[in-house]
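One structure below.
We just call them A, B and C in the order they show up, numbering each chain from 1.
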Amino acid sequence: MSAIAARARATLRLANRRRATTIGILILSVFAFLAVFGPLIAPYGAHEQVGRPFEPPSSAHPFGLDGGGVDVLSLVILGARVSLLVGIVATAVSIVIGAGVGIVAGYFGGLVDGVLMRITDFFLVVPVLPLMVVVAAVWGPSLFHVMIVIGALLWTPVARVVRAQALAVRERGFVRRARAMGASSGRIMWVHVLPQLRGLILTNTVLMIAQAIMAEAALAFLGLESAQVVSWGTQISHAFSSASMSAGAWWAIVPAGLCIAIVVLACNLVVIDSGEARARRRPLHLSRRRPRVTAQPKALEEQVS
Amino acid sequence: MSAPLLAIREARIEYPVRKASSLRRRTQRAVDDVSLELGAGEFVAIVGESGSGKTSLANAIFGLVPLAAGEISLRGERIDHLSARRARRLRRGAQMVLQDPYDSLDPTLTVAEIVAEPLIVYGIGSRGDGSRERLVDEVLESVGLSPATDFRDRHPHQLSGGQRQRVGIAACLVVTPDLLVADEPVSMLDVSVRAGILDLLDRQRQESETAILMITHDLPTAAAYCDRMVVMKDGAVVEQGPVAQVVENPRDPYTVELMRVTPRLRQETRGVARMP
Amino acid sequence: MNPPLLEVAGLDVFYAPLDEEPRRHIVRDVSFSVSTGQRLGLVGESGAGKSTTLYALLGLLPGNAEISGRIAFEGVDVLAAGHSGLVALRGHGIALVTQSAMNALNPVHRIGRQLREAMPSGGRGRAARRARVDELLDRVGLPPSVARRYPHELSGGMRQRVAIAIALASEPKLLLADEATTALDTVVQARVVELLHELCTELDLAIVFASHHLALVAQLCDTLATMYAGRIVELGPTEQIRDEPQHPYTRLLFEATPDLGERKEHLRSIPGAPPPLSDVLPGCSFEPRCPRAVEGCRVRNPAVEPASHGGEVACLRPERVEAHG
């Protein structure tokens, strides 16, 4: 029992030292909860008309109603699911591709590196929106297409960053020893190189989730996502297309936008305290803190009798 | 004389050097026509400064750098220019001990995992029946990390430099190699722990006839342990022979100079007289 | 004898805790003095406190350091002015050469400029300064053409000599060298050590040479001090200490260092490891590993007493027999 208590205490201490990360995680947990249990929590349905269009916020509807008379609070809660889903799925695809390409390019170097990096450069310059427009035009707008497009284009910066680190890890002594032993490249990359990149990949994953959510919002806003989908992006899109601004109904837009902003902020808070960020802080000898100097000659050491 | 365990013949290693000023692709010879032999149970030290090519030579034995010319053979079979799979089979008899105890062990693995890795790579023992665990514990004890149960679950950062080197050696000995190549095995350790580590290598040599090839710039340490000494400069072997001969009667001018300038503890050094 | 140039008495250096680290006592009650022209060698293994001692003298320790004791340079108590007192010593009587000094040269400035930068300000015209640059380069055995070069055009040995020349440019009376030759090849190292020896003789320059390389220090320095776990455990004339080391650690250190031509059978190692410096050690810090330890060694930290070789030793049971040759 006390071992568990000790672990709990240690975790709390850690949480206190990394306050930004803790706050970020807490915020994201709230939204994750909304995403999972949304349909059970939302007071009304996403297509349920419960009043007149653009009714202002009231005690019955804290966020008011949108252009279709739907409860905005419910929309926001239900939208969390899709927005976060896109964020996570697109990120998962991106990270696997990006980290994979990065590690292989960094470890093998030479021709493999060259080819992979040229491919990466290619994807780097493809513009997201025009591609999405083309996809939507050819295959019709859909949530699935959005996820694929975002996933297919977001991985390039990760590949570069991971590659740079992988190049460094390759020169480490234990990697050299594994190679000297004749271990297979696959084994070395999986057992020795990847674990060194864990922190980097994790940090990039969290940041990428934020980017993916924003990308989804952008694409939805442009009408490239199916209108049936309930996400924060489509809400903002609806709000604009139903002229809520000219109707003065700011409550149709702001809540969804605010949710996106808070989630992005939370993601950034989580990584702000990461090891890399800390490492970049000013080393002590360059800070303005000076050593403490006491001039009086030391008293003779007490002889322990 | 038995057939040599390790035979290096006219090995040449080159690195491309690109100078901004010239258009031609020039190469730099890190190792220039080096020949060297090592028999079972011999302790040979390759001594040289940085840039002498000694580390490149060690890397070549393990296929980490390609040979531009020449050949390297282990127990009569060539081990240069091999495919990965054949290399693994043939090079198993040779293992490498690295210099930097703070970099040569994977920090995410435990001691047991590190020492067991060669067993996994070479397919020795099997996972379920505890045979690997037993081998690991045995070898940990033999390198002085005793009791093994104390050490097997620790991570490298929980060990001292000397202990880490022992783990590195254990990871080599676990597959009972015929040849141990030690690249500056004690240079980064405090002087008070060096003899302990080197004695470990020497004991392995005496008990199992393992050949030791030690690469170092530390002349007195090399001279204390080796049977034969090879002096390298700028990629070439300038002198080799029994250690007593190389140290006391060097023939090559570079070797002569090296012996002369090496600081002595007890004899009055030539050249720098001490002030009263 | 000359009056002491540098006097250090009861120097203590603590590192205040950072993050989760405990408070560490890195330098413990260190006392020594250096006279004009004297060559003092500070020998010890990693963590002994040699570098910290040197850096403390010039106030080069990080912000979480706490320094106390007495440091007097040319008779003046330096610590009385606090940290700025130590800073004032830089380039004004004391100069420092570190292990990586050759890598600390400004890559976009020519050597000549970096030398001029280190000279005391005022008093000299341009021509005089350039002449001084040539003089300094000549002193360290480099041709005047080096002044026009950039650091990357020089070899490691040459760059380290430049670092020494820069140290000399401020006309110091005392040179602190922290592993100044460790990164150099054996042959180059020997030349640089010869150079240091020459400088001490010709310029009456005092030097404190810290290194873990015992043979090298023994060759260059006339006085030797061994450090262990933050304390000086023995101090005295090099030759005498070499022939009859009094402190068990000093003796073991000599026995662990191979002399060229000595075989492995004569080499010893010291089991165990130095104590963590966060501990308060009531007794002798070497006691757990000492072959001559007795009960009393655990109780009190041995005071520094005069040794038979004319120096001093901090040991309850110093060795009085001849060390084996």
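Assume a residue touches a chain if its C-beta (ideal position, glycine included) is under 8 Å from a C-beta of that chain, and two chains touch if they have at least 3 such contacts.
The structure presented is a predicted model; accordingly, all values stated were derived computationally and were not measured.
Interface comparison, B-C versus A-C: the higher count of C-beta contacts falls to B-C.
The chain with its CA mean position farthest from that of subunit B is A.
Each chain gets a centre from the mean of its Cα atoms; for subunit A and subunit B, those two points are 46 Å apart.
Between subunit B and subunit C the centroid-to-centroid distance comes to 32 Å (mean Cα coordinates, whole Å). The mean-CA centres of subunit A and subunit C are about 51 angstrom from one another, to the nearest whole unit.
Taken together, the subunit A residues at the contact with subunit C in this complex read 283-285, 287-298, 301, 303-304.
Contact residues of subunit C toward subunit B in the complex are 39, 45-46, 185-187, 189-191, 193-194, 197, 200-201, 212-216, 218-220, 222, 238-239, 242, 252-254, 256-264, 266-271, 273, 325.
Residues 9-10, 12, 16, 18, 29, 59-70, 77, 79-80, 82-83, 85-86, 282, 299-301, 303 of subunit C are the ones touching subunit A in the complex.
For subunit A in complex with subunit B, the touching residues are 172-174, 176-185, 187, 191-192, 195-196. Across the complex, subunit C is touched by residues 49-50, 160, 162, 190-196, 198-199, 202, 217, 219-221, 223-225, 247-248, 257-259, 261-267, 269, 271-272, 274-276 of subunit B.
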